[in-house]
Each structure stands twice: as structure tokens, then as C-alpha cells.
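Here come two complexes built around chain A, the first alongside chain B, the second alongside chain C.
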Partner chain A sequence: MIVGDLEGEALARLLSGPGLRLRTGPVVTRITSPLDDVAHGVGLLYRDHPVDEGFADFHVRIDRPAGLRRWLKPQVQFRFDGWPPFYPLPGDQGFPILEWGMNWCVSTTCHQYLIVHAAVVERGGKALILPAPPGSGKSTLCAGLVHRGWRLLSDELTLLDPGSGQVMPVPRPVSLKNASIEVIGRFAPQSVLSPTVHDTLKGSVAHMKPPVESVHRALEGAAPRWLVLPRYRAGAQARLEPLPKGRAFMHLVESAFNYHLHGRGGFEVIGCAIEACDCFEFAYGDLEEAATVFAELADRP
Partner chain B sequence: MRWHTVPRETLSLRTFDDELVVRNGATGSTHLLQPLAAEALKLLLEASNGMTAAELAARLGNDAEDGAAGIAAMEDLLSEFKRLGLAEPID
Partner chain C sequence: MTPLVQALRDPADTPSWTRSRWELLVRQARSADLLSRLAALLEDLGALEKVPAEPRAHLLAARTVWRAQEEAVHREVGQIRKALAPSGVEIVLLKGAAYLYAGLPAARGRVFSDIDILVPRAVLAQVEAALMLHGWATTHHDPYDQRYYREWMHELPPMQHVTRQTVLDVHHAIVPLTARLKPDSAKLLAGARPLPEHPGVKVLAPADMVLHSAAHLFLNEELSHGLRDLVDLDSLLRHFGGEPGFWTALIARATEMDLEQPLRYALRYSNRILGTPVPGDALSGSVSRLMDALFLRALQPDHPTASDGLTPMARWLLYVRAHWMRLPPGRLAYHLTVKALRKEREEPAAAGR
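Here is the complex of A and B:
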């Protein structure tokens, strides 16, 4: 069964009752929430994702904190096993807080993987890893590439499997912020976007539904092949510049959530990934130009 | 003063071109060494009886023109290795 099979009120009933066991790649999250905007967001953006039964890795709940405030200035709270790891947010941020919370669940607990804060897409079985700080245009580039023939593995979390060396997908909605929302709306008019939520900690935020093929291939890993540090600069010509591998290695170390937990093994995982990758810095000012550059990169022998 | 590296099994190394990434298992820290420092650490690792700053400078091509300045640079580098937990004085 997939989320889209739950018709009408069935999804909202599941969410407000026993919970929806949502599979996203290697993890299952049991989500409960009485909130309409959470049900709407899940129904819209996770429509193609499998619904599991039985064991769940994470049990999360989005609801309104108790007290008088819920009537005067409603808020939303994310709970993990009944415990709130974050402060409550304004009441219209139910779906964004679910997304941020699900990222938090993976990045703080899935230590069977070496987890890097990076977008990652795949073409021809080869993974393009895009580590970059917020504001660099990483998610915009990722969203653009998945509308030009690349498969989405993740826009936030690159899961490196120490056993195989492969990147494992965790395909979920792509988080778009501020001007990027309109950019992607124009670049890929067929994309499905959530309603924009304004005045969040990250500005205005909307989420883009992952392509159905990315969801269907959610258990299919990809071998690291390129590591690219993107940087959006208005007016910049799209260009790849070689990045020394030592520096690329250190970028992965600094972008990893749990490198320190993997000890010598983490060093080896990153070392193998860097050995296998061509590494670049990439400035771009136009998404179509960027997509062309990456198509050419993928076609190189 | 003679210097040697911390025990070899404490360190994980990866060479990329002429740079070296080294993880120090004792501290959990990872460092990127530029070509000169990379070469110096490799020489220290090979030296079973350790090396002085002057010996290290000579092995790296220190000549009469560089003289004391080259040795002083090696002393600074070895002090930096000590700070990072990569090397230590023998006596």
C-alpha cells in the first residue's frame, strides 16, 4: 500500500489515531498528528511512498502544546518518543516541523551510516554528492537536477554505508526556501509544491514532492562518483573548477553529523568515497545552465 | 632535540597528490597537511630513531642559503605536530 491509496479522510483518521507508518528508504517513521496541514502535506508530498505495518524506527507526533496559548496564539510541537527535542514553532508550521524533525531523527540515530549534510542525486548508478552550507543553493540545484534526469537520493542527508561504500537513498520532499520556491516553480512547472509557509526560522519555506521514480527506487544505492561544492552567485556563469581531494576530504569530515562516532572506520569510508570521486567547486547563476554542465559531466567517460 | 611521531598505529593516513590527510586516533581529530608538512611527517614516520629539526630540514632540501631559517621553520613545524598530537620530543 502507498499513501495515495488512503482515500478521503482515511489518511487523516490514521494520522490522528494509530498513526501512519511511512517508509522512506531504509527507515520507517510512525507519524501521528491531529493537524489538518500535516495530513495535507503528507497526502500531497508522500503520495507515492509505501505504508508499512509493524515495526517503526521512529515514533513522532506533531500536535499543539497544551495550555491557554493553544487558543490565543497556537503553536506546533514535534515529539520524538513523546519527548520534544525542539521548542514549539508558530501554528502554521506543522508540516515544516515534521520535515525538520524527520531529518533530525535520521541524523541523530542512524549511525549504521556515516551521515553527511549534503544533497545527493544519481545518474547511471553514479552518485553526485553536493555538500554545502545553508544558502549555497544546494537544495535548489538538487531540485533542478531531479527535473533533468537525475534521481533524487536526498536533498539533505547523504547516507554512506560503511559496508558497501554506497550512498543509500532516503528520498523525501526537497526543502525550498525564499526565492528558490519561485525559481523551481518556473524551472519545473510540473513539480508539486506544498503551500509556502512564511516567517519560519529559515524564511519562507515550501517542499517539493520527490519524483515517483526516486521513491520506487528507494532501496537502490549508488556509488559515489562526483563530489561538488555548489555556490549560487547571481549572474555567475556555470563552471566546474577542480577541487583538490585533500580539501574535498576535509569538507566531508566537516559536513558529517557522526564522523566522530565512526572512528577509524569513518576515515576509511570518507577516504574510499573521495578516491572514487572527481571533485569540483561549482559556481552557478542559472539553473538551466547548471543542469547542462552536470549532464555533460555525467556523459564524460 | 630529537623527535618522533606518536605510535604509527595511532595514525590513519591518506595521500592525495602531494597533500596528506591524517587522523589521530588518540584525539579523534583529522588534519589536512600541506605538501611540506606532509613530507615531513612521512620522513618522521620512516625514521626509527627519530630526527632533529636540522636533519629533517636537510632531508627536505635545506641548503646553505636557507640555513638557520630552514631549521627554525622545521622547529615551528615540529611544535605544531606536537600541538596536534602527531609527534613528540624523544628527550
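Here is the complex of A and C:
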């Protein structure tokens, strides 16, 4: 069963009752929430995701904090199995806080993986890893590429499996901020976007539904092949500049959430990934041009 | 019996559990900070591979964190020794770091939040200065907090290393100076045992180790991780319990150290909850039904599925009791007033962020 099979009020009933067990790649999150905008966001953006019956890895809840404030200036809070790891946010940020919370669940507990803060997409079984600080245009580039023949593995969390050296997908909605929302709307008019929420910690935020194929192939890993540090610059011509492997290694280490927990094993996982990758810095000003550059890169022998 | 308690008592049985029972077990173990302990128990039984794949992933992840912590503790103790070596002060490791260095089963899978050491009160200033020279800085800058720790407590305000961010608690006693019970720190230090493989580092003698663990748990205000501390006690008692003369020595030492009450609770609840083998005569001594009602609730995992309607009240009453045990009435009133006023001052800032 997929989320889209839940007809009418069935999804909202599940969310406000026993919870929706949502599978996203290797993890299942049991979500409960009485809030309409959470039900709407989940129904819209996780339409193609499987609903699981079995073991749930995380138990999360989005609701309004108790207290008088809920009548005056309602807020939303994220709870991880009863415990709120973040401060509450303004009342209309129910769906964004769910997304951030689900990222947090993976990045703080799934230490069987080496987890890098990076977008990652796949073509021909090979993974393109895009680590970058916020504001570098990584999510925009990632959203653009998945509309031009690349499969989405994740826009935030690159899970390197120490056993196989492969990147494991966690295909989930892609987070778009501020101007990117409109850029993607124009670049891929067929894309499905959640309503934009304004004045979040990251500015205006909307989420883009991941393509169906990436959801269907969510258990299929990919071998690291390219590591690219993207940087959006208005008017810049799209260009790949070779990046020395030593610096690429350090970038990956610095972008990792849990490198410090993996000791020597972590050094080796990142080392193997870098060894297998062609590494570049990439400046771009136009998404179509960027997509062309990456299509050429993928076709290189 | 909650799944977590059942799993701690009989880990070998858990691989055959259903996935839905495992789901509950992982949730409870995570909230009690015992997921890596469970992983270690199963690993030692060679049963980790038999656990269903989904919960096993969480156990392996928790084991990764624990192994990294273990390595970090070794590194950190090395740094502390280096900092204190010129002063000639020998350090006595307490709690988790002690179990690790002494090679005790209690260390297996035990998570650390900080490192605890015990030094003679007479050299406290010297130790603090040496640590500061090597990068540890005090964490509580509020003058009231400084006074609270320095005049009343059994430890310096926690020190944090400025680059490694690790936290070190320097103790000069095992209960607050103001506490009703008065164990003699000099006797603890005198009884401490050197570790042949780790020169310059000592650990408390077995009975004192148990007594410290008992005093720590049963005088603690905060019992949300009480089960984890009870697991320490259970493991220590199972390990040392087989040594000839241990129980007689333990009970005599408790009398000598004015720690009979915490030991009585430790033996009772460790036996009742975790099935720790305790000889019948060591279990004598009366405990009120009220205490049973409170501790048997508060020592369960801090999770909605392991609580009943009275659990929050039990934790709160034990919070009050611990304060009562730690501070005389006048100071207690003063302390609670300061804390209450401070809470009022801080709350809007927290919510407004």
C-alpha cells in the first residue's frame, strides 16, 4: 500500500489515531499529528511512498504545545517519542518541522551509516555527491537534476554504508528556499510543491515531491562516482573546476554528522569514496546549463 | 514487566521476540540510555546477529556511539593524567571510567556523559589550577552556582575542555558536604586500588564502588536515568558477589561509611527489578511501602509505555526527597527559592528563541 491509496479522510484518521508508518528507504517513521496541514503535506508529497505495517524506527509527533498560547498565537512542536528536541515554531510550520525532525532522527541515530550533510543523486548506478553549506544552491541543483534524468537519493543526507561503500537512498521531499521555489516552479512546471511557508528559520520554505521512480527504487544503493561542491552565483557560467582529492576529503569530513564516531572505519569509508570519485568545484548561474554540464559529465567514459 | 527490564534480565531470549515487542524495546532502551548496553549484552552472548534486522540496525548504531565514547574516555583520562602528573596527584576514577579501566562487565555498553574523578579535598585548588592550565574551564558562571558547588557540593562545578568539549567532574567526596549522610572521603581514598596496567590511576575498592553507585542513585534528584544506574549496580553486584567475603565486607563498610540506607535501597531494588542475586541476610532491614511505591515506579524506563498515572508524582516526590537528603532545611528553602526565581527569569528567553 502507498500513501496515495488512503482515500478521503483515511490518512488524517491514521495520523490523528494510531499513526502512519511511512517508509522512506531504509527507515520507517511512525508519524502522528492532529494537524490538517501536516496531513495535507504528507498526502501531497509522500503520495507514492509505501505505508509499512511492521517495525517503526522512529515515533514522531507534530502537535501544538499545551498552554494558553495555543489560543492566542498557536505554535507547532516536534516530539521524538514524547521528547521535544527543538523549540516550538510558529503554528503554520507543521509540515516543515516534520521534515526537519525526520532529518534529525536519521542524522542523530542512524550511526550504522557514515552520514554526510550533502545532496546525492544517481545516474547509471553511480552517485553524484553534492556537499555544501546552506545557501550554496545544493538543494536547487539537486531538485533541478532530478528533473533531468538523475534519480534522487536525498537532498540532505548522504548515507554511506561502511560495509558496501555504497550510498543508501532516503528519498524524501526536497527542501527549497526563497528564490529557489520559483526557479524550480519555472524549471520543472510539472513538479509538485507544497504550499510555501514564510518566515521560517530558513526564510520561505516549500518542499518538492520526489519523482516516483526515486521512491520506487528506494532500496537500491549507488556507488560514489563524483563529488562536486556547488556554488550558485548569479550570471556565472556553469563550469567544473577540478578539486584536489585531499581537499575533497576534508570537505566530506567536515560535512559529516558522525565522522567522529566511526574512528578509523570512518576515515576508510570516506577515503574509499573519494578514491572512487572525480572531484570538482562547480559554479553555476543557470540551472538548465548546469544540467547540461552534469549530463556530459555522466556520459564521459 | 516492561520489555526493557525483561530484556536486561534475560537478553538471550530477545532474539526470538516479535518485531512489535522489539519496537517497544528499542524505544524504551533508547529513552533509558540503555540501547548500547543491550547491544553489548547480546554481543557477549553471541546473539546480536540473531536479532531481527530492523532492531539490530539500532543496536549496531548504538554500539558505534559507545565504542567511540570508550575510545574518547581513554584519550581523555590520558590527558587528565598528563595535566596532573607534575603535581604528583593520583587520580581515582569513579563510575563509568572506573568500570572501563578496571575491566569490569559494568563498562560493557555503558554510555558516558562525563568523566568523574576523586581527589583529596586538600589538593582541590591545586588540581583545579592544573586542569585550567591544560584547557579545562569551569562551566557555571553564575555566582550562586559557584557557591552552591564550592561550599555545599561534593564536586567542583563541572569543567569543560575548551577544545575537546569533554566534561570532567572533579569530586572530593561522594555525597554533598551538606548531606545528612557523612561517608568519610579519606577512607575511600585510602582504600582505593591501583591498576597494574595503568600506573597513576586508581579505582575505588569493590565495596566502595558499590556504595558510591548506591549513594549516587539513591541521593540523586533526577531519576529519569535511574534504571541505567541500577543496571550499573546490578552488574557490579553480580561481578563482585561471587568473591568470598564480599557481602559481609560490603555491609560492614556501609555501616562504617554511614551509607546503610542507600545500600539497603540498592540491594532491594536491584534484586526486585533486575533480579540481582543478593543473599537473604543482606536484604534484611525494613523499607516502607511508600518507598517501594515510589522507587518501583521511578526506576522504570522514562517512557510513556513504562509509566502509570502516578509515575510523574513518584519522580517529583523523589526529587524533593533527594534535595531533603542533600541540603539542610534552611539552605534547601534558599536553594529552591533561587532556582524558582531563576526559572521565571529564564523561561521567556527560551520560548522566544
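We take it that the second predicted complex is superposed on the first by the 301 of 301 C-alpha atoms of A that agree within 3 Å, B and C clash if a C-alpha of one lies under 4 Å from a C-alpha of the other, contacts with A are read in each partner's own complex, and residues count from 1 in each chain.
The rule we apply is simple: a contact is a pair of C-beta atoms (placed from the backbone, for glycine too) under 8 Å apart; a residue touches a chain by one contact, two chains touch by 3 or more.
From a predicted model like this one, the values you see are computed outputs, not experimental measurements.
Q: One more residue to check, A:110. First (chain B), second (chain C), both or neither?
A: In the superposed model, A:110 contacts chain C only, not chain B.
Q: Look at A:260 in the shared chain and tell me whether it touches chain B only, chain C only, both, or neither; answer first, second, both or neither.
A: Both chain B and chain C are touched by A:260.
Q: Based on the superposed arrangement, let me know which partner A:81 touches: chain B (first), chain C (second), both, or neither?
A: Touch partner of A:81: chain C, not chain B.
Q: Is A:73 in contact with chain B, with chain C, with both, or with neither (first, second, both, neither)?
A: neither
Q: For A:300, is the partner it touches chain B (first), chain C (second), both, or none of the two (neither)?
A: Neither chain B nor chain C is touched by A:300.
Q: Could you say whether A:186 touches chain B, chain C, both of them, or neither, answering first, second, both or neither?
A: Neither partner.
Q: Based on the superposed arrangement, let me know which partner A:244 touches: chain B (first), chain C (second), both, or neither?
A: In the superposition, A:244 contacts chain B only.
Q: On chain A, which partner's contacts cover more residues, chain B's or chain C's?
A: On the superposition, C touches more of the residues of chain A.
Q: Counting contacts the way the document defines them, which residues of chain A are shared by the two interfaces, the one with chain B and the one with chain C?
A: Touching chain B and chain C on chain A: residues 260, 263.
Q: For the complex, give me every residue of chain A touching chain B.
A: Contacts found on chain A: 244-247, 249-250, 253, 259-260, 263-264, 267-268, 271, 274.
Q: Per the contact definition, I'd like the list of chain A residues that touch chain C in the complex.
A: Interface residues on the chain A side: 26, 28, 54-57, 59, 81-83, 87-88, 109-112, 258, 260-263.
Q: In the complex formed with chain A, which residues of chain B make contact?
A: Against chain A, the touching part of chain B is residues 12, 14, 16-17, 19-21, 23, 25, 28, 30, 32.
Q: Can you list the residues on chain C that touch chain A in the complex?
A: Checking each residue of chain C against chain A gives 19-20, 22-23, 27, 30-31, 52, 54-55, 57-58, 60-62, 64-65, 67-68, 71, 303-304, 350-351, 353.
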